[in-house]
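Alright, structures below, take your time with them.
Shared between the two complexes below is chain A, which has chain B as its partner in the first and chain C in the second.
On to the complex of A and B.
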């Protein structure tokens, strides 16, 4: 493929290896949780036993929003965000925009949580960052997403860290492409019975070669999301808007119109919702109202991409008359290549543009990336077998993170299932993760790496099989109830967990039955 | 869209499987007897893998194109993993050179 001079190849091997070894474990954590977070919505429905099929935007919401408008102070009528929460219930955030002392743009207001019938079941006043925390019924999916997005490190540092990890993945993908001399020739070669170095190297390079196009794509889009708000927006605001992020937001995302503050009742949101669904064929994922209760009110509806497309759709309505205005680009007032590029970043990263089919493929791509990361770390260690005694701690760390992370996540899921009916899932979901992590680290200190690996694999298998049973024992809906409610995702996740657990047990048994390969020092080249 | 996409994925995975079965290096390393594909055959099969993707891209169906590409990527990797559990390599009686890249 690409033939570099020997010295440059050596340099690239060093860049590839050291970038992997320094950031590989954190990258693995981000990619693994990202892989699971692809199904965050489905995991949320499965874990909380959601059986409602009708979206909040398909039910009448006009009366409830009018009533909320009447009881909310007018200073919070500048913007109203509507979105789904829990089991297709509605979250409504009346707010105004403000700039925090650090220059960051924020929203402050009242966040209402409504039940199926439009009754208020929760009400919080504060900044968006404070009121939109995890809830009892979505603590598990929130925990997964938060781990993936910022590794639970406070903003902006968590986002910067995951952004840097995305860049490290890009560096590893590019350097891997440059150092692999026979990229296509070796695409099917897995010498399992060869020396440990060659066997590990083949596992790593075959998975790496196949997943290379998407490694670029996922790393780039992931870094984009991390740096977009933390670096991109402040820099552009500084360069073009004198540091005024509100002005930037208004210019880029806003709807410029002549202000008309005369009072006017908001038009029918039910009509807007029905019309938006008819035009796009998709239920809104989000609805934003500007200048609620004024003549110049505007309503924007956001939708998933239509069939055959990956660009999300945004529609603009006159808020006072509820009449359709026009389709709105994601950025600016006219369609542009840049706007489309920004709009497709989300679907490209999340794989949610064609329902479960595209999500399943993205899950597979995430799994392949995890496999590449873990086999890369193992290859690095296997090549240094002579120093294995001094690197034994790293070998154990790779096992603790590689197999311990999935186990700790499963433990947090079990903790969620037990705690949710008691109303304490927000506390016990991360607590379950931390307790399991502490136990795994203690086992990592006490046990040899290979034994620990086998134990963790067995524990993962058993917990995968146990989770559907725990769900049923803690009051989750059974399969007949799920079928009756038309919610097959609960059954699908149960089956997926049982199959994955059974497959891992079978894999472990097969490997134990095979004669173990003795580790020998290899004199063969590994790249 | 769905039928065309499924046919495209099925076609490409079938060609990847053919390419995998006839891959000279894979056959040599896991000790399979019989002829392997020559360079021309591999190039032709390689082009055939991408044909459905090209059609999907030209039709402007970006969602199907991405799903097709992702399916080929994941499917190709899984085929490579599953197709290497062959018999043990034969002893290098004919003075076969040791395994190396």
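On to the complex of A and C.
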């Protein structure tokens, strides 16, 4: 417990409150979509009805890549990225590195999308930022991730905005810790029979205290990712490499070797893939080829962390002979403190280091953080009950965003399920979100806050329950088919949605039975 | 600092916690790349400032909020700024001189 003097405690209470009030609703949007994006892969499989069992890296891919290499201009052989897309299909990006007129490092080349038989089903030429847009079968998960990462604001402003929100969360977490006068006691205090306001204060405090280390971790890693490319790399490159971002990238991520540009056919990628899976026990999440078709070609495979570890695994192969060279750190050539620290930032932020188990914990703690943000805003308003008339707009805005955002996201999921079979999900997923948002805002203007809250809660519950039915009605695989295909995640998401919908309906019914107390409550400074 | 009015002190503190903390954190991140040890993989001096940037900013922000001695807050911020800005400037001068001698 930290005992600050009275004036400093007062200042920290103000900092905690205002950091939430000024940026709290945007922060809520980022954390809420981040919470859902923890399961982006599973949501993608559920929404698009993925039933393929075998990874693209477990199927023969050598012939298809050789054929692509033969048809791709040699200038794009500098790098080839291989990764899974859709229902275990393969994305292949032949490219070269270039520096844009604004000094930003980029990759330009041809992006091929292959089906499970290795046939080209899509081909785009352009910069990485342009060709890796959402596809019809992943429009929903892409929409979620893009909302979380940049709130759909164009780069670099979107990343800067979410970076600033990360710093605001860092401030709220640290100041929240500093203003706790009875930290240990508050962790376990839930006065269920107290007035609704005090009970809400207790729930805010308990959820906030338990999720404090997590909020700190998320804020720290999140702001790192947002500022890394937008501010960090250009500035450090300016100081250490005279502004040459390519030199920085080469120093950190490159595989230094003596150049040998003599032509040489690429070694068997099937052999490399099988060997990498055998060594790590994990299917590659990504495979990168440097200098395709040259004697000095190198192949790097990237894997999820092994059991009991949080640092991803990276293996290096000789590209010409397909022979294993050595295991290397994800960042740098040798293990180092800085390299390990950067390598674990991803797993710590995404919570994917121990499969579904760690993802579920990250989801739960993300939910607690959303709850803390929302109840914090409401407590701030409660403490200013005398000014509630002038703050009525804020009360209403909290309801519109707090309950409207989940509803609009569910509406976008429904729009995706209907539009995907028609091939227009890229358009209708964000359109569904915008249409639902417009309707919710209009209802927010027309209805009193408490009635709007109840209405939105009911709508969320009904849509949660309806989504599995919409999925089935629009041709998604049923439970027997999902079991047969070894995709229990489809069933798990269906059950999670039905349970969440039922729980929200029950919660709404209980709340209606217990009328809200309007008597003025005096809250303590730590609130 | 006793020479300053209460209002001036308040605004000075806001300035140090707000734009001051951002500017000093950015300059510190740039300068750190020039004095941190490179480590076994020769990258620690490049990646550690990138990782530590949010924490440096938070430390400066809370120091500006919580230290009663405003003079000390200003001294730490100006000291960090001067040290790291000086290192970056020196590097630029050395680079320009090397370019001229090559050209």
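We take it that the second predicted complex is superposed on the first by the 509 of 527 C-alpha atoms of A that agree within 3 Å, B and C clash if a C-alpha of one lies under 4 Å from a C-alpha of the other, contacts with A are read in each partner's own complex, and residues count from 1 in each chain.
The rule we apply is simple: a residue touches a chain if its C-beta (ideal position, glycine included) is under 8 Å from a C-beta of that chain, and two chains touch if they have at least 3 such contacts.
None of these values were measured; they are calculated from a predicted model.
K.L.:
Answer with clash or fit: chain B and chain C placed together on chain A by superposition.
P.N.:
Chain B/chain C on chain A - fit side by side.
K.L.:
In the superposed arrangement, which partner chain does A:473 touch: chain B (first), chain C (second), both, or neither?
P.N.:
neither
K.L.:
Given the touch rule stated above, what does A:166 touch, chain B (first), chain C (second), both, or neither?
P.N.:
Only chain C; A:166 stays clear of chain B.
K.L.:
Tell me which partner A:310 touches in the superposition: chain B (first), chain C (second), both or neither.
P.N.:
After superposition on chain A, A:310 lies in contact with chain B alone.
K.L.:
Between chain B (first) and chain C (second), which does A:339 come into contact with in this model arrangement: first, second, both, or neither?
P.N.:
So A:339 only meets chain C here.
K.L.:
Angle at the Cα centre of chain A spanned by the Cα centres of chain C and chain B: state it in steps of 10 degrees.
P.N.:
For this superposition the angle at chain A equals 90 degrees.
K.L.:
Does the superposition put A:483 against chain B (first), chain C (second), both, or neither?
P.N.:
Neither chain B nor chain C is touched by A:483.
K.L.:
In whole Å, how close do chain B and chain C get at the C-alpha level once superposed?
P.N.:
In this superposition, no C-alpha atom of chain B lies closer than 20 Å to one of chain C.
K.L.:
Do any residues of chain A touch both chain B and chain C, and if so, which are they?
P.N.:
none
K.L.:
Which of the residues in chain A come into contact with chain C in the complex?
P.N.:
Touch residues, chain A against chain C: 4, 8, 11-12, 15, 166-167, 170-171, 174-175, 219-220, 223-224, 227-228, 231-233, 235-236, 238-240, 242, 248, 251-252, 329, 331-339, 341-342, 345.
K.L.:
Where on chain B does chain A make contact in their complex?
P.N.:
Result: residues 1, 19-20, 23, 25-26, 29-30, 60-64, 66-67, 69-71, 73-74, 76-77, 79-81, 83-85, 88-89, 98-101 of chain B touch chain A.
K.L.:
Help me check something: in the complex, which residues belonging to chain A touch chain B?
P.N.:
Going through chain A, the ones touching chain B are 181-182, 185-194, 198, 206-207, 210-211, 213-214, 305, 307-310, 348, 351, 353-354, 357-358, 361-362, 364-365, 367-368, 524-525, 527.
K.L.:
Where on chain C does chain A make contact in their complex?
P.N.:
26, 29-31, 33-34, 39-51, 53-55, 57-58, 61-62, 65-66, 68, 88, 91, 95
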